[in-house]
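Should a chain be cited, it is by its letter among A, B, C and D, assigned in written order, with residues numbered from 1 in that chain.
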Amino acid sequence: MDTLTHLSHTLREAMSDIVPESHPEHPFNLIPELCRKFYDLGWATGTGGGISIKMGENYYIAPSGVQKERIKPNEIFVLNASQDVVEEPRTEKQLKISECTPLFFNAYRMRGAGACLHTHSANCVLISLLCDREFRISHIEMIKGIINNETKKALGFRDTLVIPIIENTDFERDLTASMAECMERYPESCAVLVRRHGMYVWSDTWQKAKGAVECIDYLMGLAIRMRTLGLEWEPKDVK
Amino acid sequence: MDTLTHLSHTLREAMSDIVPESHPEHPFNLIPELCRKFYDLGWATGTGGGISIKMGENYYIAPSGVQKERIKPNEIFVLNASQDVVEEPRTEKQLKISECTPLFFNAYRMRGAGACLHTHSANCVLISLLCDREFRISHIEMIKGIINNETKKALGFRDTLVIPIIENTDFERDLTASMAECMERYPESCAVLVRRHGMYVWSDTWQKAKGAVECIDYLMGLAIRMRTLGLEWEPKDVK
Amino acid sequence: MDTLTHLSHTLREAMSDIVPESHPEHPFNLIPELCRKFYDLGWATGTGGGISIKMGENYYIAPSGVQKERIKPNEIFVLNASQDVVEEPRTEKQLKISECTPLFFNAYRMRGAGACLHTHSANCVLISLLCDREFRISHIEMIKGIINNETKKALGFRDTLVIPIIENTDFERDLTASMAECMERYPESCAVLVRRHGMYVWSDTWQKAKGAVECIDYLMGLAIRMRTLGLEWEPKDVK
Amino acid sequence: MDTLTHLSHTLREAMSDIVPESHPEHPFNLIPELCRKFYDLGWATGTGGGISIKMGENYYIAPSGVQKERIKPNEIFVLNASQDVVEEPRTEKQLKISECTPLFFNAYRMRGAGACLHTHSANCVLISLLCDREFRISHIEMIKGIINNETKKALGFRDTLVIPIIENTDFERDLTASMAECMERYPESCAVLVRRHGMYVWSDTWQKAKGAVECIDYLMGLAIRMRTLGLEWEPKDVK
């Protein structure tokens, strides 16, 4: 590590002992950082997409209808388990909480998730149009990055990853019931695709949720290229 | 926020109280920043594309024929509502104002826009070649990021986004009349595609104009991939 | 070089004389940097992929199951030639060594490699599905960036690059024997593709290994686009 | 501009009055910067590609066979008009001058160029395989970014851009004569495609050469997508 970077790290760590919110992985800092990453990947452009992380008893949620790559640490809402705002963003801007909030809480309530992510990746939309009720793929190494929500174990190379698909609604909040109903029918799944819209992905920690969304988006992008090349998603004869 | 970043922010804010132009979202800083972003997205390479933002009674416009990702704050022209230059760029370089100027002013005059953006995205060119007089798409979530210029309301998921297409001319300025005429025929539209060339997009604020161009480019890129996969842009039977 | 950068460089160099590990190209720094690069290229998302570099008698290996783009210098394992850990990561985090370790050592033992890289690039997966036992391509300039492991000379423009493909297994470590066996059958090759999984690439130095993986991934991406356009990978009639 | 950035700029400018080589647009700094950009675009991976810039009577050329994105200011060769090295790189590394040197000098000698760029973009390779002796495209706005080498005027929207293609050779230097001969046959062209290899592009200044390579690569990438969608490159009936 070079000297200036070292100095900066030392100062940051000293400060994060005193003010925990200054830690780079505190949700106040992590949500803006991950939103920038999602924006750069095309998953959260045009104010689309969203990120929510749980820490302790608090649920941190990004504002609605803002440029996701420009969110600042003082623009995050803090909620409790009853979905009440316990801490408003510390900014003069008039912000509304993300419309995805009740959908994020499906993952918190029903699965005890530690983070729930929402992307508008074009891969999701295309896959939702190429599939009927489920996206299914097997025998690709990256499937091993997905955790079965019931067994809590990672999927194996020969397992079929199944992501259920629900129909889109006119308003985001109206997806709450059908997403919950879908999660009940698919207890092993860590994600729900919304047709013509995007995807919700959750896991025990933000690290695992981020890993899952990366694996699933990789697999969907791969599947689309496979389709163009005439390759099967669920092959019968793999050694 | 780490200590060094915090120091930098504090200094910047103190300075931006005294010198408003030093604020990161002043058009002098924002236009270079957005030009870099557009360049990275392939929307403004080879000196193509352009950005214009209104603040107060001033219209800020990038220079013509320069590398868009290298524009500096002191290279921006300031115009009044009559399209007179009221402030020359504060540089020794010989700069010409963007040839898009009269087209940007179509949006300012006819729609009271707060910003007008011009991209050369390859998606625009391809869509303009796949369509006749309009690009039409419906039933994709990202359509909700577009605002109807007449009702001032966001489009709904089931609405059809319609972007009109005009023919290209030998010189950019010669598009002025046909763009204006097109805007009159399409009062709800926030964008005009120029065949074999690119797109103009505007909105009340630079934030909304940037959101709109991101949504439209996403939808056009998606539509091209849909075409390759044999998927319909305006489906009849969506639940 | 600007003054601040110069100051930073001078300090860094002064420090790296005293503390060699602070040198930017020490494996403690280089592995995190290259992991970030691989992540950005989509070669190491979802905790996939891995990097290992030899320096002196030490083998530096990244941890397993972590976000590759967030690895820090103090999270690297140091091993000796017998694959014993001689230096644990200097962090409180509970880290496991990469499961690729015995595969990396195939390259160290059998080829005297100085670095071995593992990617999950989607190009690798697609090529492994389009080919039977080998990926073969000739008459593309970038082939000249690949070194024949037997002759130690770069391939020529008219040579055929041959990358052998092995079948994937349920656990990464179970690839060790089949990868070694494949390397024996293909003594000229600097890489092995793992079907439906990814690729291992090695060379005498990390610079050459990085160059090789860039050339091979470029050639695979090109080959997939060639297939879509109906172009031959091993043409007969090149002037 | 924020205060720290301002400070850095002021120091840099003060220093560049005293030491011209510290100016960010001196070829010692510009070549590394542009090499990084080309690397990020996939035009100079695996040590491929190259950049050369003329300033005053000096010709600045990058070293051969190195990672293009890691070139440092002290690794650049300086040549005179007779292609003699007048200043060796100021580094202990053993560097060889780029093998593209005699090809760059074709542009300097025959066209009085101010810069000559070489890319290995996959778009170049694909276009060289889809075309016989020339790549031809017309009626796309980005064509206006190309300058006719004979008239010194920019091409018009309705002009046909013609880039001639030469056959690749086993060694880069053996392209010298056929590139020169091709340039004589195509006096209007600012670029030569090398089949199955890449492209050379030049212009009066590095800014114009960079603009030209961006426009041509954009047009080639677009043309490949047009081919996939069944669209004509030289349409007969454009309004």
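Odds and ends about this structure:
Here is the rule we use: a contact is a pair of C-beta atoms (placed from the backbone, for glycine too) under 8 Å apart; a residue touches a chain by one contact, two chains touch by 3 or more.
Just so you know, these numbers come straight off a predicted model, no measurement behind them.
Number of steps on the shortest path from chain A to chain C, with steps defined by chain touch: 1. Common partners of chain C and chain D, by the touch rule above, are absent. Taking each chain's centre as the mean of its C-alpha atoms, the one that lies farthest from the centre of chain C is B. For the pair chain B and chain C, the CA-based superposition corresponds to a rotation of 180 degrees in steps of 5.
Of all residue numbers used at the contact between chain B and chain D, under half are used by both chains, marking a mostly different-residue interface.
With centres taken as mean Cα positions, chain D sits 41 Å from chain A. Centroid to centroid, with C-alpha atoms defining each point, chain A and chain B lie 29 Å apart.
In chain C, 228 are the positions where the chain touches two or more neighbouring chains simultaneously. By the document's touch criterion, interfaces exist between A-B, A-C, B-D, C-D. Per the touch definition, chain C reaches chain D in the complex via residues 1-4, 139-142, 145, 156-158, 207, 210-212, 214-215, 218, 221-222, 225-226, 228-229, 231, 238-239.
Put simply, chain A touches chain B in their complex at residues 8, 11-12, 15, 22, 24, 29, 42, 45-48, 67, 73, 120, 122, 125-126, 129-130, 167-170, 194, 196-198, 224, 227-228.
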